[in-house]
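Both complexes below contain subunit A, partnered by subunit B and then by subunit C.
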Partner chain A sequence: MPAEKDPCLSGRGVTKVFGFGRTRTVAVDHVDFDFHEGEVISIVGESGSGKTTLAKVLLGLINPTEGEVYFQGKERDIGSYRKKKEYWKQIQAIFQDPYCSYNIFRKIDTVLLDCIHMRGGRGLPRAKKVELMAEACSFVNLKFDELTNKYPFELSGGQMQRLMIARIFLLKPKILLADEPTSMIDACSRATILDMLMQLRDEIGMTVVFITHDIGLAYYVSDVVYIMENGRFVESGSADNVILHPKETYTQRLINDVPKIYEEWDLSTV
Partner chain B sequence: MSVMSNVVLEVRDLTTKYVTRFREEVYAVDHVSLQVEEGKSLGIAGESGCGKSTLALSLMGYYFPPLHYTCGEIIIDGRDISAMRPDDVRKSILGTEIAYIPQSAMNALNPTQKVIHFVEDVFQAHDPFKSKKEIHEFAKEAFETLGLPEEVLQKYPVELSGGMKQRTVIAVSVLLCPKVLIADEPSSALDVTTQKMVIKMLKGLMENGFIKSMIFITHELPLLYNVTDDIMVMYAGQIVEKATAREAVFDPLHPYAKGLMGSIIVPESGLRDVKLAAIPGVPPNLKDPPVGCRFAERCKYVRAECKVAAVPLYDAGGGRAYRCILSEEVLREAYQHAG
Partner chain C sequence: MEHTLRQVFRSGKFVAGFSIFVAVLLIVFLYPLIVPHPPLEIISQGTFFPPGIYVDVYDSIGSTTHYTLNLDDAVAKRIASKLKEEDRLAMKEWLVAAGLSESEIDAADTQSLMDQWVNNYDPKTNIPGMTNARRNYYIRLNTSLDGILSTEGAIIAARNPDTGVLEEKRIIPQSEYVNVSEVANVRVLPLGTDNFGRDVLTELVKATTVSLQIGFVAGSIATLIGLALGLLAGYVGGLIDDAIMFFTNLFTVIPSFVLLILISFSIGQERRGAVTIAVVIGFTSWVWTARAVRSQVISLRNRDHVNLSKLSGHSIFHIILADILPYIASYVVMALILQISAGILTEAGLAILGLGPKTTLVPTLGLMMNWAMIYQAQILGKWWAYFPVIITIALIAFSLNLMNTGLDQVFNPTLRD
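On to the complex of A and B.
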């Protein structure tokens, strides 16, 4: 899609291959994309379609086997550790399994403190740091006092997910990659988490990339949707176009197979 | 209680608790009553921690620490199993009267056993004189009726995809034709298409005569709506709403049920025009629940009276019930204004 603004994150022919010979898996297969500033983008696909792998490539945690990633119009350069750290000030992620993304030996206050330090707040007085951390916690409805001295594994899935959002609140990145941010929590708390993320986006003007298998959620939150099948983007466009008028049979199947409440859910198709 | 219909499962005032390491008592199922008639399915909804899985466990009448039975009756086809000894329950109830598919059952399958071994185990516990050949014949036929390839019987769990594993678990669970099947989040970790196959299979169990009734537990309301006849909404260990699936989704009475329905996400046109209704706050701690309405802390319509005494479950007629001091008219009026 041609756009007025320059994209803040793009990819051309981005590919990631794992393994060799018989174990060779093409997890991400020559994908092209342009994410524009301030947009909410969803990448939707089934388990194993390559979503998390793509997220890791975008975040610079793994190198693509082939293809280029462009950041703010220029070819991305994260060759050195210093450049990588600079990059991570602008792009951050919330991961699928929140328990894996924390160092289990570090208490929660240090998790938040690290965020303040990353934003250059190392020299702030202790009281100011506590104030910032408390503010971040209250944004996500957590009580800072109850969290201090706890370890990540002492929190419930929902609390962990909210702590991840508190981190983002402190880090204020330009781009947020959210990999299944609501898969650990039940449908009822999902709306709360989405609300928080959207409020955060409005406050700091982030570009948000949602990675999800939930096509209803993608439809609800996003401006643009990319459908991923076996490592490829098979269809993309505005949320209304892709979800209400899908062209690809794969997209049609994903939509048909979600239980409906207004239309009839046809079980005869499986 | 109507005499016409055939009640397969009747539960009266069932209360069970967890006793923790610190000797704290957690009342996760608090005076729950329900009825399931032959040929019907009942859905149980509610957010994480409200007691859905504990209710499922409690319904089997098979208790082991930290879960303890406190009071109430569980009557299956006229027989009260709540007073039975655990060993007797295991021998004469589980599998034949009630079958239970626990949350994440498919990941709990012993990886070193072939599927056919699970089948043999099921039969050996109840019919030790059946020959292996008979068991295999029976299993083959049952799998075929349920749309599973016969080869699955000779496979190890790791050789099966997630959806196939879950369908296998279901098939093995119903081999002895239980009167009630309890399925706890049977499709939550699956992709939509595999989920749909699992659901189709579950719905077919009754038609094929494998089960007489079903209790289906999930926090995914659109799924419940499509699978079950009736829906019960649980909150903090109690039932707060009981209605037909259609009423529960499109005309809920309890403010919590109303909130849940407002958080439904489906890829259908119109969704983007409504704002999702997030319910603020978190459920109360069940070690020390509030005296009055348990939802009071989070309720938009709370009044002083709500917090004074426990709120009973009001009978709204026609099989409906809800646990709120406000009248149906007041609640409906309030929802109309909220839009």
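On to the complex of A and C.
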């Protein structure tokens, strides 16, 4: 782990508890982490292990019950709407289910226009805005002319997720939280979308926090891997260390669960 | 949007309810244009005139053309209409006492009853147990029957302005007719008159208009308050949610109708106009809308599209208006329709207790029921004073609820059959 630089996003004892009494659920349980600038970090765990909750805490969409989140070396302060807006200029997300991610009553170009406005482009002439939007769309292999006056639900899942990447292209955040961006998409589009994400990362040099249940995918894209079980990080380290030489049985199980093409698949641990 | 509308109008229930409601609206809108009588004008001297066509007797006698029609059944009909029900029964009673068998006599058959009477009646016959007064009654009845059976016409006389002596103008034979369309003054009262002597139909149309307005104002106010509080409580959450829900629960626990009665009573008869009543109803019936909207918003506020909107830097008002409101719009429309229906019914309930709008300015459906009840129309059998009002209230409430059910089926796929 390159420790010489200050981590751009880190957490100490971050905890999130839902409900109380008999329905009390600890979704995230005292996790510590340091995400360094420019890295691709993967958080791997099965469903229900608290990955998405952690992502929402990191995004500031929900407040942690306990613990501190540090952003660029300072304690994160997102108390007011203005500060939240500033924070969200630096950190953005791609959600798991593209079909639920858009407001079905708003047209596609308003989604992209919002991003331009967020970057302070409210006063730009209309032609310049269109140019920016078209550029973002062409980056993700979408044709802007065909998208104007369309509603999100008229697109396919893969197109919607690519539109989401176009958003990130326009916003150019420091950190991107990708919450299972490919889990609802077929295998072919998956590779395209991953490629686009990695290309975008190289282009604007952002830190990508990749949340996935697919440990093969994590190995393929990431520098650092955190393994999450029941709200705790059980193992962490560089991707090569964790995945090729797993210490924890949970990690071994996760690796074993990945279907293999050339070997017999051991279903005994599933 | 267009697609949704098309789907809505394909729902049979909605279309049925909508048609009834539009028909009511059309009648309410068009009737005053066709029949421009003032709705609260007292036209009759006396109360509860039955429905029918009222022809001015003076004008029909003075009508220029009189026609002679020789109709076979005219005499029979005339006699039948002049013979009262109680007289028929009395005649039957005498005939039975005089020795005829009861099964032979049919009090409803004028022809045979008259024949039997003429053949059998003898004032000298002594019927045991009959009082003198009763005997005299039968003698009077017999004399009047002679008058009924007479074929003479009526004589019209007028006083000579110079001498002051009655002079015979003309004799009107029984077979003379006038054409109603040639009579100068004819008033059709399809639903008769009410206790104050006002045309019930004209009044009913005006009352429906006012009641619909009350329902609309009350429903809009209730829905707006409920929507605003529900959105705020549901989306913002936390302390604001607790405060609003405390307030809402307070209103839920107090029966709103009791509250309504107390408020209406304390406003006082003089200041209770239709609008005041509508506002009061609106301010006491928002509770369930607020609760329902809140729970809908709570289920929406953690959706990804709301999160995306937050991440795009939108303000809370933008999120509520653009990301939450459209998703619950169909629900709000349904709530509004139900609130309008409830507003009309509540006004009727309040007015029937005598706590409705001030009585002298406008009629409302509830006030008409109240008047009919106070003047005992239901005991006197004056059905036209209250029954059409009940039908109108039922039709409006039925159509609105039908529309609501239809919309529910369109927007809620689990209810589709």
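Assume the second predicted complex is superposed on the first by the 261 of 270 C-alpha atoms of A that agree within 3 Å, B and C clash if a C-alpha of one lies under 4 Å from a C-alpha of the other, contacts with A are read in each partner's own complex, and residues count from 1 in each chain.
The working rule: contacts are C-beta pairs under 8 Å (C-beta built on N, C-alpha and C of every residue); 3 or more make two chains touch, one makes a residue touch a chain.
No experiment lies behind these values; they were computed from the predicted model shown.
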Joint occupancy of subunit A by subunit B and subunit C, clash or fit: fit
Contacts of A:Lys174 with subunit B and subunit C, given as first, second, both or neither: neither
Which of subunit B and subunit C A:Tyr262 touches, first, second, both or neither: first
Subunit B versus subunit C as contact partner of A:Arg201, first or second or both or neither: neither
Subunit B, subunit C and vertex subunit A (Cα centres) - angle in steps of 10°: 80
Subunit A residues touched by each partner, larger count belonging to subunit B or subunit C: B
First, second, both or neither for A:His36, with subunit B first and subunit C second: neither
Which of subunit B and subunit C A:Cys188 touches, first, second, both or neither: first
Which superposed partner A:Lys51 touches (first subunit B, second subunit C, both, neither): neither
Partner chain in contact with A:Met118 - subunit B first, subunit C second, else both or neither: second
Partner chain(s) touched by A:Arg106 [first = subunit B, second = subunit C, both, neither]: second
Distance of closest approach, subunit C and subunit B, by C-alpha atoms in Å: 13
Contact set on subunit B toward subunit A in their complex: 46-49, 162, 191-193, 195-197, 199-200, 203, 219-223, 225-226, 249, 259-260, 262-272, 276-282
Subunit C residues within the subunit A interface of the complex: 303-305, 307-316, 322-323, 326-327
Interfacial residue positions of subunit A with respect to subunit B in the complex: 46-47, 141, 156-158, 185-192, 194-195, 213-220, 239-240, 243-244, 253-255, 257-263, 265, 267, 269-270
Interfacial residue positions of subunit A with respect to subunit C in the complex: 56, 59, 61, 81, 84-85, 88-89, 92-93, 95-97, 100-106, 111, 114-115, 117-118
